[in-house]
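Next come two complexes built around chain A: one with chain B, the other with chain C.
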Partner chain A sequence: MTAGRRTTRALLLALLWLAVGLLAGAAEIRPTRDYLSPELRRAQDDPSRHPGWLWVEEGETLWQDGERSCQSCHGEIGTMSGVAARYPAVAGDGALLNLEGRIDRCRTQHQGQPAFGYESEPLLALTAAVALRSRGMPVNVVTEGPAAPFLEEGRRFYETRQGQLNLACGQCHDDKAGQHLRGDVISNGIGTGYPAYRLDWNTLGSLHRRLRACSLGVRAEQLPLGSAEYLALELFLASRAKGQPIEAPGLRR
Partner chain B sequence: MRTVPITARITMPASARKGEVVPVRVLVRHAMERAANAPGVAPTPRRILHTFRVTYGEEEVFRMDLSPGITANPYVEFTTVAAESGTLVFEWHEDGGAIYRREAPLVVT
Partner chain C sequence: MRGAVVALIALLAAAPASGRVAPFVVQEDAIAAPLDGLAGDPVRGEAVTRNRETANCLICHAIPGTTERFMGDIGPPLAGVGSRLAPGQIRLRVVDPTLVNPEAIMPPYYRTEGLLRVDPRYRGQPVLTAQEVEDVVAYLAGLKE
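Take a look at the complex of A and B:
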């Protein structure tokens, strides 16, 4: 009898530990680099092996390009230190802009040039070069004030079950983080590595391109790059990522 | 035969002692266009960097045949031995006959 009771108690204790472990796992957000394979993590840290640097160099050239170059107002690209950690942010006119949006707006409003357009090579290159200046810095987006309604919109998108598979983002990126899905490890989906070079794409791509792949994955409607829904989601992801290091330009599978 | 500059990142020491093993890492930007031919699709010829060749002081020190699957922005790492001060010439041969070329100096002490 005593032995039986002892077994029951041990079993209960084990269950309790399991529950605590699962809850802790669900609440904890870890940098995406922790979920990468050791090889990929090493390559991400090594510019001599990271193809994303081909774009970074192009972006640094673009920074100085033209008569009214980025540099003519902002100075050296080093002044962009910490900027990527603060985006997405609400602009003066109330629009939510991510880093790509900010750069393209600068181009049309201040440089008098046609917009590069989402996912264009020059915009990816410039975004990567600017984001690199915040590498390792903690994400620090503003979520109060005018950003609050966008944050709520993003949270709703994140928590809503979508698509034929009827999945919400968190069902993978909170509940199953660290487990395997189609040969890759599920991360917390915080997007700190974008624009990232994905081996799957053979090229550098934006977070919104990645989000379209997520939408396709759950058989939901793929929204346009730069759409209001993805922008709001990007802000919510950044709020989840607060304090996590920027990894851009990342290296992903 | 035309030679064209290409976006590449060559990482190697600027100088080395004679006889020292020099690691060379090379990344190059290329889209790797695979051949496409199917009903309803306009046939596209293959256009990849099929050969990578490196000479050092006129002598070939590295050569590699590349194939579809590894030629999108291909990364190649190899070593060579520092013999005398000279230039390493990196050549990528593309389908269609174009040759892309980059150079990197190596000072041997």
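Take a look at the complex of A and C:
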């Protein structure tokens, strides 16, 4: 073997070790669909086997409903393509809004209607119908500028041990993803499937409803739907999910 | 020894608010004395281990010799734990694994202090009673290789 070849081989080996080191250093984030059973994954992809489509259809109807409908300003719901991938986002007045919050604010500010309210059927339906227009698109939230303090708040919440069981989110969703809690596979907890139809709920529900279940699971205080803490956490989860495909409406166990 | 003194001081400092947790002394990586001087019962301990509402050990661990389905794989299997660890070491790990390893993922089962945002329904209470901890220790110590 020549000296040149030896140098090349040493260089390649060094690069290989560097790559291995980088992979081991950062928690690998995978789409939640990768953690689903094959049956559930197939059903998530098949509108005829996915009960969440009942909400999508209702949402598409609501989109056109009334004189000052969503459609009267935005046009066809197809114009919402890519929007869900950019939420949560900071509004002009400095408030952090998720997709539900954005829709309900439109209701009150532009449509002159009372807010639907968190977890109401019409808000879930509209959110599902809008989110569907971003299905398969990579999460692309803004985390700089006015979003930065919210991101940090969300990161702190995510990394803080809490509850009687003294667990931080990342201890399971970064370090143990792919392993099992009883029969359930732990995902990276990125929230890209919400609103999602959960078989254990027997209905469609929001990410914040799911977060309340997480809080309960570690025996921590359950915060209100739409609370500042859960909103900031939602932004941090979306920042972890950057580049991962939107799966909403998801199908979960 | 220094660890024991630190733990004792911490306990004394925390004493007024920790009414439901009996004091204990940590030596090395063990709590040698049974909590409250109670004797554990391995049969009751197995029941506590399998109880989904309280200890819920099987959400993360597998135990030997049962027909349980869907046991978790977050923590190590508990078969043979009685050969690997002395009862006092098991007791400390059930009481609060962060006393051994600050990064431990396993929850504390006999701790009320220094926990954040605890659900009001559980505030000030440990997950298990001293008797339940002793029962679990008796059961696990009997899981020999």
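Operating definition for what follows: the second predicted complex is superposed on the first by the 226 of 253 C-alpha atoms of A that agree within 3 Å, B and C clash if a C-alpha of one lies under 4 Å from a C-alpha of the other, contacts with A are read in each partner's own complex, and residues count from 1 in each chain.
The working rule: a residue touches a chain if its C-beta (ideal position, glycine included) is under 8 Å from a C-beta of that chain, and two chains touch if they have at least 3 such contacts.
These numbers come from a predicted model, not from an experiment.
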In the overlay, answer first, second, both or neither for which of chain B and chain C A:Gly112 touches. neither
Counting only touches as set out at the top, which of chain B and chain C does A:Asn202 meet: first, second, both, neither? first
Contacts of A:Leu54 with chain B and chain C, given as first, second, both or neither: first
Using the touch definition from the top, say if A:Gly145 reaches chain B (first), chain C (second), both or neither. neither
Considering only touches as defined above, state whether A:Gly94 meets chain B (first), chain C (second), both or neither. neither
Residue contacts on chain A - larger count, chain B or chain C: C
Answer with first, second, both or neither: which of chain B and chain C does A:Gly78 touch in the superposed model? neither
Contacts of A:Gly136 with chain B and chain C, given as first, second, both or neither: neither
Per the definitions at the top, what is the overlap between the chain A residues touching chain B and those touching chain C? none
Given the complex, residues on chain A that touch chain C span 160-167, 171-172, 175-176, 179-183, 186, 215-216, 218-222
If we count contacts the way the header does, which residues on chain B are in touch with chain A in the complex? 7-9, 11, 25, 27-29, 31-32, 72-73, 75, 77
Which of the residues in chain A end up touching chain B in this complex? 47-51, 53-54, 57-58, 202-203
Could you please specify the touching residues of chain C with respect to chain A in the complex? 58-60, 69-74, 98, 105, 107-108, 111, 115-122, 125, 127
